């Protein structure tokens, strides 16, 4: 196996492990740390793919992705966290052990489901595409089962990272405009959630999103 | 002279004699005579089985025995394996029953129950020997009816016996109906009810017919085998039946369900598409996990053993599913290993479960209780039973030195063998199956540590256990036979290698699973070897050597009261009970088991902070039963109430119904 | 014949090394905690003394209590002799199977758990119950790691796996190897009763797992139990070392190769032990009911290792 | 990480060891390894604080082969503090009985020797020597950790 492929599979493994780690840990700071690492792994994947087929645009996308995912977004999340005292995911809707087993099941599902995709383009890069799919599923799962607003943002970011990874691996790169557009959307979402979290904290003294039910008209 | 028909004929004659003798002899001699006869039936059947697995085939037609269909018998290596297994269990149970049923002629020692015992065994021997659909169905139904009557033997002794019998009757008859429909459909489609003809014609049948037959029959067979979710009769019937009947049912009769699946799936239909085996594997994994989790938290000894039966049947079904899946993925060598694992595990389970149910019977007889929370201290009072149960528990826990280990090792070898060209499905299913087998094995170990540790060791937890008596010699002798079989299977499984080779070869499942080897079990398709004899010799030898050397180095041993933290002697109430032992596991699997717990704290009169007593109650309802069967039973009750409008009690009306039905049938025939 | 001598030599080596390893790990820990700590040889002195002291059987205990220490010791010795720590040319091919090794370890655990229940004390039962719970939950992780390792060679035979790894180092340093190593490492912590699953140096009965089972043992019984426990740690660390750092394991029976392999084995195990001891300074014991989370995590790692193995195959 | 820095800055806090004391002939069978079980037979807990210090990082009895254990079955030496009260006499005796032979008793503190200021008090039975045979006495009210360590070193011989 060429060195490049080895590095690529290493980056993909790290990418998936970070997602599993996000389910495993309860401390919100650790979550953000893992997200940063995952962003770096994603950027690594992008760089490796760009080096495979030297193209200035692809390299630019890779660098932009790295700055955004491993730099800007984690920084924003840390700022949110600084204002919110609850630093742990104390009681997720699904307990951690069950979440991890669910993650295992989703990984298996992703692997089985992505098989046709892999057969379509039997390159080394496409073989790793199920990793991205698994991360998308784990991200959704995280967003659906965690109470803290920050965990849910992290979940959404995982989904985005997963989509980006699938796109990179399956097609060898996303058009610059699409990727940047999606990322801008996401940036906006994070900023809105940041405001929301702060308000939530001010109103309820907590950032449990289940409290939002209280706002409903009866 | 061919030993197979001789053995079978001897079994038939002995069964008839035994039944007749039971009806004639006075109570004093009855159990001994019937026990010997039953053991004889078993020995004859086992001899026929041994002959069959060592290469003696046999087939015969008796067209005049039954009107219309006749009886057709044939014994091939597969049938021989199950004959051997059933016969061996019957030998153990026959010897055991001499003492167990010899209690002044009531309960299991009464005329009827004793007369039924050899008949039940003979019926079970007839099932694998059947060579056409009518004979098979006849033998199957005979087995079901005799076992049902035997389950009901102690119905005057406990209120739970009748409901248990009802559950068993309904489930086994429902299962019989699905098997009947399936096999008749298959025979109709093949044009001939004989197994040989079906085998020839099965390849040409359409996919939906084959699939439909497989689903119908496997549902019936799985119900008989006690696979989850068709298991609710099992913990009830096994717990409430007399111990020797439980042993026969759990060790032998349940295996007939496995036999049915093997016969149908691998022989008659000759393999099938992937979805058959995926479904079977899912049932197997569910049975294994759910069975062992329920066993882990059960405190009723016989109920625990019954759930463990579900678990082991699950593992066997998983092995069969793996064999089918691998065969359909073009991996015949590994498929043969998986099939051999399933068959060997069936034999191993027969050995240790017969032993354990007999042991449970001895405990029940010696103490009068089967609740582990009230047992304990039996290792002093019932040393022989304790030692024998330990042999069985070692096998059931699938630990090295026990017989269950070898077959679970084989199963794991088949599952671990990552065949790269077996397809995505296998890559995804195999790790899940390995994890399920591993978790099952782990929880199984905890379960049987609980059985031995809280049931037999330390101090008695109730006065019944404190007054325990050892069983009579014939019961111990029966258990010794079973234990000897377990030890043989544990240490020298290679002896079964040629037989298993012949069985798999007969099923055209693939090449021989084993490479020769007198002591090692060497796998042909997978590059692994196990040497149970060396493992056993190593552990025992090193343990003895260590003990001797340590003794030579040190001082003599002293016996003293257990360390009580300086505060008075320890009482039995301070011991861990079976419930407390299983509590951590119960908490870990809270979401699966959903126990109902109450804690009542009664404060003292002086202050709310001083506690006078704490009461803890726990109930573990069977969730699958509650979710699946309760609604079904409720629906049936509603339908029954509605149907009562049809039955007014008027004879004229009933006759009119019959007339209407007859006209309807004739009309349908005429139109067609 | 030479192969049997190698097996016996390995058993003696592990038995001799195990107390030293314990002493070394205690010393590392003491150093990091600012203490002076005992000498490396202290566990050996403890064992020598305990072997000479009087064993005591509780009044209500039976044969299980007396038999458990030799059985535990026997399983440890057998694994130590059979596993390819020094040479892949072991004579015990039907014993040196990864699944058999897992089973033998479990057999030792069961012997001790039954002994704990046999004493009839509350702590004995408590320790047995907890130990069996953990042992049951560790099994899936262990076997998935076995799965990932055996995929590459198509056999669960330890010697074959190690020989293949020693021949082709690139296979070992791969995502599969890393994931399987991580999964196995967590399982090893749980099996050998180290932090964060169990605290080997606790004096508080309510937090004990392994210690609670052996509270009744005295004299040579205790010596055997502690020696065997130390050996199990060496065995497990040795397995990690030989499976994931297989270099230097002798593939022949040449004396020089064997001597080099022995020295290298000791170095590897002590390095891993030092790492473990240093890591433990930073860890606290987790609650018993958080242990399933830890094991579920390592289970996922094992599963990923298996999947990666089949993807990259 | 903060802990790493703390470890690097703090280094070793253990005091340097004094020369090896004369070993007790009665303790020759222990051969440099002593496991200690502690019983508070009714002390004011002053001695407990000092015993705790003796096993702490500064005095660090572990470097002399002395370790605290969780069960008398594991112990060679019983350390006892305080005058023996009526209620603790029985547990003290059982603890001693529960220890495997050879076994020794180290009485720590003046109260353990002669009941100290509690002598003649209601509920006080007498000094430790009245209940179990005492091999070594550590005087002081409370004794210094160094004295306790020295006494234990005499037993361990290291």
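Observations on the structure shown:
Per-chain numbering from 1; labels A, B, C and D assigned in written order.
Here is the rule we use: a contact is a pair of C-beta atoms (placed from the backbone, for glycine too) under 8 Å apart; a residue touches a chain by one contact, two chains touch by 3 or more.
No experiment lies behind these values; they were computed from the predicted model shown.
Set side by side, A-C and A-B show the greater C-beta contact count at A-C.
One simple way to say how far apart two chains are is to compare their mean CA positions; for chain A and chain C this gives 37 Å. With each centre defined as the average position of its C-alpha atoms, the distance from chain A to chain D rounds to 57 Å. Computed centre separation for the pair chain A/chain B is 49 angstrom, with centres defined by C-alpha atoms. Between chain B and chain D the centroid-to-centroid distance comes to 59 Å (mean Cα coordinates, whole Å). Counting partners per residue, chain A has 95, 97-98, 108, 111 as the residues that reach two or more other chains. Each of residues 427, 431, 555, 558, 560, 563-564, 588 in chain B touches at least two other chains. Shared interface positions of chain C, defined as residues touching 2 or more other chains, are 52-56, 215-216, 219, 292, 299, 303, 307. By the document's touch criterion, interfaces exist between A-B, A-C, B-C, B-D, C-D.
Within the complex formed with chain C, the residues of chain D that make contact are 1, 3, 7, 10-14, 17, 29-33, 35, 57, 60, 62-63, 65, 67-71, 73-74, 76, 98-102. Chain C meets chain A in the complex at residues 174-175, 178-179, 292-293, 295-297, 299-301, 303-304, 307-308, 311-312. Within the complex formed with chain D, the residues of chain C that make contact are 30-39, 42, 45-46, 48-49, 52-56, 202-205, 208, 211, 215-219, 222, 281-282. Those residues of chain B lying in contact with chain A across their complex are 424-425, 427-428, 431-432, 588, 591.
Interface of chain A with chain C (complex): residues 1, 6, 9-10, 13, 16-17, 20, 24, 95-98, 100-101, 103-104, 107-108, 111, 127-128, 130.
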